[in-house]
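Heads up, the next two complexes both have subunit A, just with different partners, subunit B and then subunit C.
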Partner chain A sequence: MTAAPPHGQREAPSDDPRVQLDQDAGVFEPVPPYPPRTEREAEFYTLGDGEMFINMGPQHPSTHGVLRIVLKLEGEVVVDLDPVLGYLHRGVEKLCENADYHHSIAYLDPLEYISSLFCEWPGVLAFEKLLDVQVPRRAEYIRVLSTELNRILSHSLFMGWMALDLGGLTPILWSFIERDEIAEMLAALTGQRLLYNYLRIGGVNGDINHEFMSRLGDWMSRATNQIENNLGLLNQNEIFVRRMRGLGKLDKETAFRMAVTGPNLRATGVPLDFRRAHPYSVFPELEFDIPTRDEGDCLARYLVRMDEIKQSLRIIDQCIHKMPDGPVMAKLPRLLRPRPGRAYAAVEGPRGQYAAYVVSDGTDQPFRMRIHDPSFVHLQSVGVLMPGHLIADAMAVMASLDPIMGGVDK
Partner chain B sequence: MTAVARSWGRLTLAGKILFTVIPILLLLTAGLVLVVVLFGKPIVDFLAANIWLVRFIVAASAVLLMSVPTAFLIIYMEMKVIALMNLRIGPDRVGPFGSLLSVVHGLKVLMKEDFSPTGSDRLVFTLAPVVVYMSAVMSLLVLPFAPGLFGADINIGLLYLFAVGGLTVVGLLMAGWSSFNKYSLLGGLRSAAQVVSYEIPLTLSVVGLLILTGTMSLNQISLNQAGWFTNWYVFQQPLGALIFFIAATAEGNRTPFDLTEADSEIVAGFATEYSGMRFGFFFFAEYVNVFIVSGLFVALFLGGWNAPIAWPEAWAIHLTFDPGSTGMGLLFALLLVPPILILALAAPFYVGRSSLPWWQALIIGFVLFNVLAIVVVGGWAFISLDWVAGLLWFLGKTYLFVFTFVWMRGTLPRVRIDQLMGFAWKWLLPASLLNLFVTALAVIVINPR
Partner chain C sequence: MALSKKPGAGLGVGPDDATQTSSDATGNTPSALAVRTTAVSEPIVVSNTLWRSVDPNAYQGSLEPEITHLRELEASGAGRRDNARWSGPLEVIPTKADYVLDLIRANSLWPLLSGLACCAMEMMSSATSRNDMDRWGMFPFRASPRQADVLIVAGTLTTKMAGPLVRLWEQMPEPKWCVAMGDCTCSGGRYKRSYATVEGIDRVMPVDVYVPGCPPRPEGLIYGMMKLQQLVKDRRGHWPDRAIGPTVPADV
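Right after this comes the complex of A and B.
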């Protein structure tokens, strides 16, 4: 190490990389440093008249994690955008292919950390199909009960985030009360607050216990009131409703073309719900409605989710009353070696269709594991919905689609 | 090691500070006494000849000194009130009920690195927070806090306030431009658009009031509203007051019009690249602005320092007691009354509870005496001194409005930029013009010259 020459009289050799770094530090252009790889990239990274790039994320306050979007702006209007993914990539599919069937459930968990149980479920279902396991009915009811709780948790957080992205400070903390009660409940049931790792091939890990039931009963007695209270903050707020109505309109055809599922699809008027369309578990025995809206805008997406909370409460109520006695795990061999083959399973999560496609080659590890995640699919419709809106609305559109970056980047 | 150094080493930190500060203070006092003795006469003569200079220096320093605690108080209020609305606890560690947290925040930003990003325009970058803060502090000069308690009674006080308040946007634009950051630029431009648009309804909404008062001096406007609360201009100008309140919210960049620093859209707007005390200036200026718009609203529409009820002269309490008239008796009273009263207040506790040690009883007596003294002196000041009562009324009303701003921040989401501009030009501007015409018509009909 030589002493640095005094500032100002430094001779700067132009080929010294440190000097160049010094000069360029802090100046960041969102344009990639390599030549454009596709026509689309070339077109996007050429600025038109009066346009500018703005780099939103991966450390932006409202990109829901580590999404990076390069926005092409004209004034404040979004002209075009380029989402850059992969900041949270962990290679979950590959990890699953190198773990045995039981282990890979734990890898599925942190995909969407807000709705972990829904990430486990399709994988577990697909494994069960491969292994031809009959799941005990009590286990099925427990699965439905715990996942519906998880759905309410996810939707109430969505409400808070939606309001936070529109500048409201209070709803996020009110909805966190809801979320915390359910997290405590699920912690009593599964042992974890966030990444439950609860579903097992052929059942669930442990029967429902007294603490869970007392917490659940306590909460159910006031859940409807609490949720109505929280909704009162936003549903009658003129500013909120005016900003959301007619914003980010998604029509039926585009939604189908973009493979949108879940509440985002139901907000366009299509009553597609995998719990009814392709029934799994004990959903045929349960009564619930499929809330839909015809507008397809942000407000509709928000309201559909809020209606779903009420339906979930109905399902939970029925589960508690209909739950039979019996074991919670099927009898299984210690080492799982399914016959060679392939299986696909999908469930209806809080964001849409969660699915897993598993190929087995007869060993104790999946040969190929493919995870279908709704967040990733919904994020592609951002390209259709955002252009033409202001930056503020772009964030509202993002929030109303409710992507979780853990699931997008896998 | 000498004996002096050893003793110095044994001292605690507090001792070291005391032993350093006290000699310095002694030296300074001696120097001051020397200066006064040698040059006292000419200095006093000069100041007496130029009393405006004294007045200016005192008013400027008072306003500058006042702005910081005001900002601290409002910041604490915002943290605590929003926390309670969010069903959180909020600050509760530093000081009683966490009330010193904002002071600690202020010290923290003072100690942070003075940083400016690559590519920024250093001079403009440094000046921007100063411009913003100074415009806020300069506005405080003309606010009438109490009868006889104001920085300056300018006969165009209201115009001065709007003019100086408009300087804020220059500072925000400077910050947005010089930061070399697109988020800052967007924030600066947003603030320019917003403040310029809302200045028009803001100014027009008080024109009707000016027709009624016939003066722009805030002091005179407050005086006009003396008497019962029905004299307040909010009852003669309800629409004007409403427009003024909305436009003032936008002027102060408060929720739901806080688009310039919308954190979910443009990170922190113009303040994105600022840190340390430069950010602190922006932060303080925002809260001083909240105080100013609340105070202005109170002075214009809610009677300023006047109490809501006019006591009939027959009921008025007149304390003819003047502490100065007691002469040496005052000194003796100050010397003797506290210990006697403390002992007298402590005695029942010591006698009544045998388990209480004497020193705890004394502490209880001391606390009770302090409460009593504050009540007595405050009550005396409130009754006999006009400006104390006026200041209390003014601050009470002003902080009610500060609370309203905080309340709105806890409750409302943010509007969109086009809704914001549409609201200003399509609704507020016609409404303020309507208010102006109706007022003018009413004045002509009721009171023709």
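Right after this comes the complex of A and C.
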């Protein structure tokens, strides 16, 4: 056993290329072991008077996954920060290029593991555009129904995590009751609790069954009451509201500049929703409002999401009543060879715009698969929002943006 | 009864043979990280510094091991672990004490809150309202590795995260156990063909219980933890040397 090699020198790697452990990643030194590569790095890793570095992560209970943030602190105030990404990089885009079109849906699933259906949807939509497939209307309604359930699942978990990062332990127990009920419901529909792999090119995997409908009816009859109950836990909590108000203010111009979408953008007063702005599926036939807030702070981001839960319940109600009879899958060959070309599709997810850009070269595998994920885009705005706040509030700011590391690192 | 060169030598009780450096000090690389040229499927054999046989001729007459890198490892003290067992004058009672202590440990497992990816959701679900793991003595999650007994690796382990995860494992005090949750941690799962993932965490750390599934249901994790309790009770009083690779007995 020898001491760690000096900076810049690496030991000879192991024979097995898959088991090379990054030694520098194992040693939690905030300052990287190489000279600064950019001007920004040189500026960040130079300590001013009275400043210090704190290394947060990659294993930290409130970073929503394996994110590492190097914080530059002056006393208790965050001056600057440097997020270090890639601790959950699984190479999804490359795997999709080596799988056929049906198979790559399974790789899209675990990107954002609390809203899996929204990760599948843009990929499936883009494949359908490439192939010119007409999706049966019943399948479209089932897609909307299941994804709106998934949106409620995601938002109700957000409520628990938001409170957890502020130090409240009870709401997460309440929100997991909601989450588990919806997860069981979707498990009856799709066969899986978390990574559904349900949407197919040209439809969905299976029709609605009796167990799903009875669970859904049972839940819908008390969902409104139950969610109101959960919201009463936080919305009328003075500690929570006073701490969240005015925290992490994002204005309209910065939000546009940072390409923020979804509830984070709607909390700044912009009623941009891709279900209305670029309608897809059967959303033109459905009635729902786009909740917005003008404040742009953490409380507004929280309240917009809670309002969206109620709109999702409205959409689910309409879906059940308007759903036509018919097949749930278009007739397609097993082996898909779309013509050479490119396609782009975007959907509105619980965090914002989920999109996929597919390039086909005429074979049965995508030539290139680019995945746009809102978590990654929103994470860049913590660099604007966090500085100036106390270190205890820094994680609350991050939680209000609701990033999921699986989507950030892909 | 085990004899030692001096009372308590190597057992982490005296001032001179306590762990020399704290495990997160600079330069103290985890032993599992440092062994690079060994094939990972083979167990890492660390020489025995904890006890000597009564028969002086047994085990090569307690000669220094011939293999050079083991001698270096022994000299550095990195292979030595404070394994939290009775020693010194209390060495008279270790068997029965460990027997009882392990019974207590089995019914109060404190897992570490270390969700890596998707499986973390089901891990949290098994700890919250509907499937309350607390009912079986699997206490809610600890945020610090210093307070944890069980490392539940929930989610895909990537090559970049492997170093920090091994360091977390090294920071946990003995006795400790590891549960691999999900297909990704058992064997690579759906990311087996990726360039960025470790195909099963048993390539980098010892594993006691494997819970397959992508992800396993919360009931699956609870069942795995109950198997771990059974394993702790079965191994009462004697702990096998840890090695990288499967360590689960055939009948568990």
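FYI, the second predicted complex is superposed on the first by the 382 of 410 C-alpha atoms of A that agree within 3 Å, B and C clash if a C-alpha of one lies under 4 Å from a C-alpha of the other, contacts with A are read in each partner's own complex, and residues count from 1 in each chain.
As a working rule, a contact is a pair of C-beta atoms (placed from the backbone, for glycine too) under 8 Å apart; a residue touches a chain by one contact, two chains touch by 3 or more.
The structure displayed is predicted, hence computed values, not measured ones.
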First (subunit B), second (subunit C), both or neither touched by A:335: neither
Which of subunit B and subunit C A:177 touches, first, second, both or neither: both
Partner chain in contact with A:52 - subunit B first, subunit C second, else both or neither: first
First, second, both or neither for A:243, with subunit B first and subunit C second: first
A:114 touches, of subunit B and subunit C: first, second, both or neither? second
First, second, both or neither for A:88, with subunit B first and subunit C second: second
Subunit C versus subunit B, contacts on subunit A by residue: C
First, second, both or neither for A:165, with subunit B first and subunit C second: first
Which of subunit B and subunit C A:406 touches, first, second, both or neither: second
Which superposed partner A:393 touches (first subunit B, second subunit C, both, neither): first
Common interface positions of subunit A, toward subunit B and toward subunit C: 25-27, 61, 173-174, 177
Subunit A - residues contacting subunit C, complex: 1, 3-4, 11-16, 18-29, 58-59, 61, 65-66, 86-92, 94-95, 98, 106-107, 110, 113-114, 172-174, 176-177, 179-180, 183, 193-195, 405-406
Of all residues in subunit B, those that touch subunit A in their complex: 82, 85-88, 117-119, 180, 182-183, 186, 190, 255-256, 258-259, 262-267, 409-419
Subunit A-touching residues of subunit C, taken from the complex the two chains share: 24, 26-27, 29-31, 33-34, 36-37, 39-40, 72-73, 76, 78, 113-118, 120-122, 124-125, 128-131, 141, 143, 155-156, 158-168, 190-191, 193-199, 203-204, 214-215, 217
Subunit A residues touching subunit B - in the complex, by the definition given at the top: 25-27, 52-54, 60-62, 76, 163-170, 173-174, 177, 237, 239-240, 242-243, 390-393, 395
